[in-house]
Amino acid sequence: MNDVTNSKLKKLKQYAFDKDSTLKFIEFLMQKTEVIAPQNKGQASYSYEIVKDAKDVVLDYPRTIQPLKKFFLPPVEDLLAFDLNANTYQEEKIEAKDKIFFGIHNYELEGIKRLDYSFKKGNPESNYLTRREKSMFIGISYEPDSYHFSESVGIPADKIDGFCLFFDKISNKSDYMVFVVDENGQKLIDSFGKVNEVKSKAEITAKKFQNKVKLHYNRIPQVFDHVYKSKVWDKVAERCVGCGTCNLLCATCYCFDVRDEIEINAKDGKRTRFWDGCMLNTFAEVAGGENFREKLNQRTRHRLYRKFKYITDHSGELHCIGCGRCSKYCPADISIVEIINSLIDDYTTQQKKN
Amino acid sequence: MSKPKVAFFDFTGCEGCQLNKLNFENELLDLLELVDIVEFREAMDDKAEEYDIAFIEGSISSPSCVERIHDIRRRSKILVALGQCAVSGGINAIKNLHPMDEVQETVYGKDKYLFPSIPAQPVSAIVKVDYEVRGCPMSAPEYLHVFKSLVLGRKPEVIDHSVCVECKLRENECVLDKGMFCLGPITRGGCGAICPTNGQYCIGCRGPVSNINKNGAVEMLKKHGFSVNEALKRMKMFSANELDKKIEWGR
Amino acid sequence: METLNVEKKNLYNPVISEILKVESLTATEKRFEIALPKSAMLNHKPGQFVEVSIFGFGEAPISICSSPTRTPTFELTVRKTGRLTDKMHELKAGNALGIRGPFGNGFDIEKFKGKDILYVAGGIGLAPLKSLIDYTIDKRNDFKRIIILYGTKNPAEILFPKEIEEWKKRSDIEFYITVDRPDDKWKGNVGVITTLIPPLELDVENTIVSVVGPPIMYKFVIMSLKGKRIPDENIYLSLERRMKCGVGKCGHCQINGSYVCQEGPVYHYPRCKELEEAI
Amino acid sequence: MMGKDLQINVHHVTRVEGHGNIVVDMKSGKLLKAQLDIVEPPRFFEAMLKGRNFIEAAIITSRICGICSLGHQMTSLKATEAALGLEISEQTKRLRKILVNGSTFQSNVLHALFLATPDLLNVGSVFPLVNTHKDVVLAALRLKRLANEIGELVSGRAVHPISCVPGGFTKLPTEKELMDLKEKLLKQGLKDAQYAVDVLASVAGNIPNFIRETEYISVYSDKEYGLYEGDVCSSDVGLLPVEKYLEITNEFVVPHSTSKHAKFNRSSYQVGAMARFNNSHKLLTDNAKKTAEKLGLKAPCHNPYMISVAQMVEVVYCIEDTVAQIDAILSAGIKQENPNQEATRYGRGIATTEVPRGILFHDYTYNRQGMIEAANCVIPTGQNLQNIDDDMKKLVPEIIKESKEDITKKLEMLVRAYDPCISCSVHMLDVEFVE
């Protein structure tokens, strides 16, 4: 994987899009294939939805409720449909469908890359990977709110590799500088044709993050080597109510539960999987009532180690992308950045003592 | 294989759960194919001697109810508590928060001994309950699941995750974000988060999740602008028995 | 973007297999002999497990209790504890089951060769161990002593009585059994399984120990083994966790950074010590 | 007629909501007792309301009764809005009217077709009819489903509605959903209702002929068939403002009932579908009027056994009025509005609504913190109880020559005709016994 950094950005072709051409561009994409983009949800929330009308697309949004994973690992997914009497089954037919994700924040795509790793590793899972095929991503820059901390986990505003195009907002108006990141992007621009290449090359505007981790992201796994027994876990657990929101909305969480249900005719049925999470009480409970992570401090610790250590040890990357969902939607106002910073404090005091 | 004999019994409650059972208009005839309904006072005259599955609705709140539920238990192979009144005492249990004597006196004055009353109790306080269908009203999908499972000789799934989980699965806008209060984080799911889905906050009608963090819950509600008392009052609307027994709230 | 071109598999499709024989072992345990379609071999290693499913009743991980050395068929011993296992107990020869697997890491048999083998089985833990016991018996010459320690709560819960009779009869196997609570007829040892360990005379450096039992048993057995000065490197444990997929995806079985369904269920004890949540 | 002895004790009358016993005691031809004993344990709802805030009132009162949960919510919301001075929009009002229609529709179908009709066909429940009269049962089930769909669409759930709150709705149906509902009501609903009416007409001959004139009390509005709003109307004295409800209901306690009884100008009065029909029949839709004609129902009707017939007439009305309300909402366009919950005052609020079983009153007093200080609910079944007792006292001597089984059956049918909702009626707070 080669990182595109600002030095390379200058070599990319750039096009100027105003509000109208952006709208036209979405419509142009919609004619080609299915387009998925952020839209309003409820009164003050957003979600990624299939676009029915280009005007519904909202490009200025802090984050959606569910991350992009819902398109590749649906919240509720039938695995098999079976016939009880005949003891036969059919697997759910999953087709790889062309789709373009438009208006995607860069951390969101990083989340997908992490999930790709998890679903390829060991036993590559066809359900996820088939859905994942034939997806193109068009990125957009965003203004970090008090929950975003992507920069702190190594995803600065100018990390745009993996997108085919990237829209960077250049003024307070709805104008964008569009960077062509790969040949697919160039093809799209060429066949759209209504915009002009800009010769004086720009950089992607740096963004100011209010929410920051105290230590460089390279050193976070190292902190996690030393804080397994930290008191921080107990402190957090006093406030956490174990609702599981932070797991379910996490862009890189992918644990699931599987249940069978029989239809009312007592003949047909389905085996279905659901998003699940390690913060929930029954997650690690086995027959006989033994619960291997009964306490909330154990569960919180497991959740964070999954993000910063366990998978990282294999993949070499942090499996937290700094979207801030777990903190924004936590009903107990628990902030993951605060947890990490407390752990870092704990770690530095330890180091000083030694 | 002969069809299982199924009976429905009602104790103190609003009978909304009874009614809910008749609200499966699309599935009702299919359900009837699977079982013999042998007793259902609200809908029919017949009575039977014993039952494979007895569904009990309502809380136990008078001495004669106690005798009746013992009798039903003796005659039933599987007994299911249906709806929050039967599962936890439900909303009836609010009266338990006040001394019984006082409640009776307000109601009957000097004649309080005419109509004996006892605290509203869950069925499980009197007899063994095999399975539960929670909710006020009972959650329709959960009832169908339990009914089908038992008729097919299978243990039903017991849901013990929060309502938030189901909200998240549906990608609902969180009502907390709208500045409302919500009991979803500490309430047992299984209802499909139907209240937040309809823009309303979760009033906790399915009772708390097991292994609940009591102090955390109070802290959470305090953060949303509730006094400890108000928070407790809200949490106990449907769970006076469960919360009072198991948990000493923030005292 | 990084390529998605990997050979991907549908991981969740069971193979419909036939039950050849069902045998009641105790009030709550039954043994099932199962054949894959077209007499296919399961090709398992002792200590591995399969995911068993019955449509409408769910899926569960069950250890393979027969040795790969024996027949093309394989055996499972199942305790009745819930949705799926209750239903399994209703099944008869000729009925079908869904099988996925074999999954997980079995015992590292190569390391056992030429050594004394000590088995410590608690309750249903004898089922997964039996696969290995039978294997070592079938290749008896590859190993030196074979010692089997087996403990159950009471005599009614003793599994595999026929096999136990044979083990007892054989002069090349040392078999000791104990129960926590005896009944009137019981004449043997009484006490928890750890009481069987101190009296053993062992060549500690050359004894490989395999332990399988309920979660609480491990701590105490390890303590007794340490009392005997058995080196940690000689100890293997098989751990149980909740599992939904068996293929390292669902997350339920994770012990710290380790997936029991991938790295386990059999763990080398030194590795367990790295995993804080293991025992 | 010579001194007959007769003792009837029907323990827990079936096919009614809640627990009640019929007790008849006749010695030597003298009627000592003919009454409906209400044995449901009391539930102390008014006590539960004390100290609750204005959002919780409707949530709690909904749980008084699962069958009438929507009616309780509506009345509760209106009382709260009156007490706090909350204005609601035209759209909210229309959506609520749809809900009231839906719940009247569903409850009437349930009662007339599932609970009362088996008597006319001489069977003990609706279940045998699945085999003998499958088409009717299917039509009735479809009707019930449709009625519930109205509730589910507009309020989130048919039992204990969710989205209707003081000041408005937390979620609104979409235009498409309303349009689909209208389609269904017109295409399938009216057809099934007509079919059920035809079947009912064919067995109407089995309805006992018993006449006792009484006072009929219902909500009345001169603009529409009185259900959601209007004044109180008595067939004896005409219109009265809702604020006078205590003078109308005059609740009193009898020892054989855990629920209070009521009376106004006579020893008893009747509420419910028949009272509404007698008072407001002129405001029915044409189709509903024709249905009444077909079923032989003419105002004023003094036969309580005909209540189920009046209920079927209302079913036709509710379907048609729902369509009219949908049209009005759609032509104005759905406005996304938040519930208006800014209190402009704190005080007492009294409200009335027709629920399927009759007129319902809620009366709350809020303190300055927005908490309920005092609450009172007067429930239709309670208001009917004295009337049922009076009916029985007249009926038993009239049919005394019949067999005990027949008498018992007719008494059960009478009680059932009122569609009593006993859980609902057992709600009282402060009770004094009359000697």
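Letters A, B, C and D name the chains as they come in the text, with residue numbers starting at 1 for each one.
The criterion applied here is as follows: a contact is a pair of C-beta atoms (placed from the backbone, for glycine too) under 8 Å apart; a residue touches a chain by one contact, two chains touch by 3 or more.
What you are looking at is a predicted structure, and each value in this text was computed from that prediction instead of being measured.
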{"item": "Central chain (distance from its CA mean to the mean of all protein CA atoms)", "value": "B"}
{"item": "Pair of chains joined by more contacts [C-beta pairs], B-C or A-C", "value": "A-C"}
{"item": "Between chain D and chain C, distance of the C-alpha-averaged centres to the nearest whole Å", "value": "65"}
{"item": "Between chain B and chain C, centroid-to-centroid distance (C-alpha), Å", "value": "41"}
{"item": "Centre-to-centre distance between chain D and chain A (centres being mean Cα positions), rounded to whole Å", "value": "52"}
{"item": "Junction residues of chain D, two or more chains touched", "value": "none"}
{"item": "Shared-contact residues (touching 2 or more other chains) in chain A", "value": "259, 261-262"}
{"item": "Numbers and ranges of chain C residues touching at least 2 other chains", "value": "56-57, 82"}
{"item": "All chain pairs that touch each other", "value": "A-B, A-C, B-C, B-D"}
{"item": "Sites on chain B touched by chain C in the complex", "value": "152-155, 157"}
{"item": "Complex interface listing, chain C residues touching chain A", "value": "1-2, 4, 6-14, 16, 53, 55-59, 79, 81-82, 96, 98, 214-215, 240-242, 244-245, 247-252, 254-257, 262, 276-277"}
{"item": "Residues of chain B that touch chain D when the two form their complex", "value": "10, 12-20, 22-23, 25-26, 28-29, 32, 37, 40-46, 61-62, 65, 90-92, 94-95, 98, 103, 106-109, 111, 114-115, 117, 136-137, 194-195, 197-200, 203, 233-234, 237"}
{"item": "Contact footprint of chain B on chain D as seen in their complex", "value": "12, 14-19, 40-44, 47-48, 51-52, 56, 59-60, 63-67, 69, 110, 114-115, 124-127, 130, 137-138, 141-142, 144-145, 148, 155-160, 162-163, 165, 169-171, 255, 258, 423-424, 428-433"}
{"item": "List of chain C residues in touch with chain B within their complex", "value": "56-57, 82-83, 86-87, 90"}
